[in-house]
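First chain A sits with chain B, and in the next complex the same chain sits with chain C.
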Partner chain A sequence: MSKEKPFPEYRRKLGPGWWLANSHFTQYMIREWTSFFVAVFSLIYIYELSLFASGARADALNLLKNPGVIAFNVLALLFTLYHAFTWFYLIGKVQPIKMGKTTSKPWQALLVNIVLLLIVSFAVIEILVLR
Partner chain B sequence: MSQDIATIRVTRYRPEKDGKPYFQDYKVPYRKDMVVLDALNYIKANLDGTLTYRWSCRMGVCGSCGANVDGVPKLTCASFLHEFKGRTIKVEPLTHFPVIKDLVVNMDDFMHKLVEIKPWIIREKESPPEEGEYRQSAEELERYDQFSSCINCMLCYSACPVYGLNEKFLGPAATALAYRYIEDSRDQGKAVRFPIVHEIEGVWECTLVGECSVVCPKGVDPMLAIQKTKILGATNALKSLVMPRGGGK
Partner chain C sequence: MPKVARLHAILWGVFSVGGFIAAFLLPVLIYIVGIAYPLGLWPISGQDPTTSILNHHHLGTLFLFVTVAGSLYHGIYRFQSTLTELGLARAKRALEALGYLIVIVGILAVAYYLLMLNPGVLSLP
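Up next, the complex of A and B:
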């Protein structure tokens, strides 16, 4: 028997708009986009630090107060929190903890991680910023 | 019982004639207990004998009737027509797979992946039959039970954009099945399966879209299997780093 396929098969390619096809894909893409915001935030942050380091304190403070930068930071924070929460939930799904006969639910992991995040953030602000 | 009329919009692709697929509409009378597969069978028997699609058991067991129904990968034998009342029901071949004819896709890639992960119990040394079966506790069974429910319907692949972008990706069902054996207390084939699931196009290609687990008709959670396999691989690598002599077994 010949190995050759008698007729061509039709191959479909994933179009650039695939992530709009369903809401789960869109949510996934939003999560992926956080990396863009984190990257830009880091670049701005490094630039601010370099201004401080080179003694241009006034410029650094002006940049910090810039409404555009503040708006961007708020947006980046929202994206990062969204990313963090989806991951916290997934941690609970992937690694449920067994306690006797019951097993932890993903939302419990989400809750515990949010509390931990608040405690750590508060500690960092207390120790590094307000001290 | 009263009958309504459903409009079924089916993808047609006749490779000997058509350069690319197109849609064809059929009007199908239906009752409340009829599913999309019944509509396809009605079309084939009464309206157009050239329509081609796969099916066998009609009860969600064989996994052969998968198609994209209204844009979502589903078993056509488990999708009731009345759920789409008033809407044209689009039935398309499973996404990401090459189309052979109408709703029939080429499954070769998936079949190769299934064989690749060696879906059977591997023993270093088989014990003689007189010694009886390899026994297992209820807890040990629970560790992999859900992953053994897979019916190889490929809906999860159709739902996975990572597979859509990179055909080499081992993908959801094959990994779920690999994990099913990795977690089986009777199996001793970790050393054989680990390199397969952890190669570049193995589990690490997964970016956690999670849609595979949403569409699975058998309650299998392939996304979970993939993440658990990642964790096993990472702990294994760590162990062999800390204890180079046999730590990462």
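Up next, the complex of A and C:
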């Protein structure tokens, strides 16, 4: 097959604000921006671990008590939960499970995975923090 | 024979696993370390959570490594892709290179600091 295309390819040029044109695109972009909070929290925590490892434990703990860092962490938790809930819903949409004549719905996958998230979170707290 | 993008498939698979980690393990880490500890909320009473987690040598260290490394990979991989969708498509290659550099350095740093904090973690439990 020749590499030359018989017709010129038309690609619609999108400006930086294309995602504001439609509510589905806006939701998609909010979901994509959850990655910013996931990445930045991970980088801040790696810095925390570096302070712990270098013996500057007091500095590490003071950083956690900084009001700006606490505010960022509250936002990061909200965005991470948004990432989690939309991820769970997508699992149900992409991989519906057939049980006899019925097929699972995305909201059922969301519900089951929220219960799993709560179980995992309580297990982490019980085993790694409270014991 | 069509060309199969094996490396891309592997990287996307790891990204997907990172998405699961960020969904299931990251919220509880953010809550206990970043919100409950500084504000004195349940379940924290006294000791900081990072020290409590690291006291459970193998399990605690594994939890921190998997959660932080997996979330970092997932977050950076998706964020650089988001930036290309917001008008930086021309810088795609540079963003990918910078993204993978941050991921590789970040994951090595997590492993190094956790090994420094728990030197005996490589021995069998």
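Miscellaneous remarks
Simple rule for what comes next: the second predicted complex is superposed on the first by the 119 of 131 C-alpha atoms of A that agree within 3 Å, B and C clash if a C-alpha of one lies under 4 Å from a C-alpha of the other, contacts with A are read in each partner's own complex, and residues count from 1 in each chain.
Please note the rule applied: a contact is a pair of C-beta atoms (placed from the backbone, for glycine too) under 8 Å apart; a residue touches a chain by one contact, two chains touch by 3 or more.
Values in this document were obtained by computation on a predicted structure and should not be read as measured data.
By the touch criterion defined above, A:R131 reaches chain C but does not reach chain B.
Touch criterion not met for A:A58: it reaches neither chain B nor chain C.
Looking at the shared chain after the overlay, A:N73 reaches chain C, while chain B stays out of its contact range.
Of the two partner chains placed by superposition, A:M99 touches none, neither chain B nor chain C.
Of the two partner chains placed by superposition, only chain C is touched by A:E48; chain B is not. Look at A:H24: by the touch rule set out above, it reaches chain B but stays clear of chain C. By the document's definition of touching, of the two partners only chain C reaches A:P16; chain B does not. Taking chain A as the reference, the larger set of touched residues comes from C, when chain B and chain C are compared. Once the two complexes are overlaid on chain A, the chain A residues touched by chain B in the first and by chain C in the second are 19, 32.
Chain B meets chain A in the complex at residues 13, 15-16, 20-21, 71-72, 95-96, 98-100, 106, 161, 164-165, 207-211, 214, 224, 227-228, 231. Note for the complex: chain A touches chain B at residues 7-12, 14, 18-19, 21-22, 24-25, 28, 32, 90, 93-95. Residues of chain A touching chain C in their complex: 15-16, 19, 29, 32-33, 35-43, 45-46, 48-50, 52-53, 57, 60-61, 64-65, 69-70, 72-74, 76-77, 80-81, 83-84, 87-88, 113, 116-117, 120-121, 124-125, 127-131.
For chain C in complex with chain A, the residues that touch the partner chain are 19-20, 22-35, 37-39, 43-44, 48-53, 56, 59-60, 63-64, 68, 71-72, 74-79, 81-82, 85-87, 102, 106, 109-110, 112-114, 116-117.
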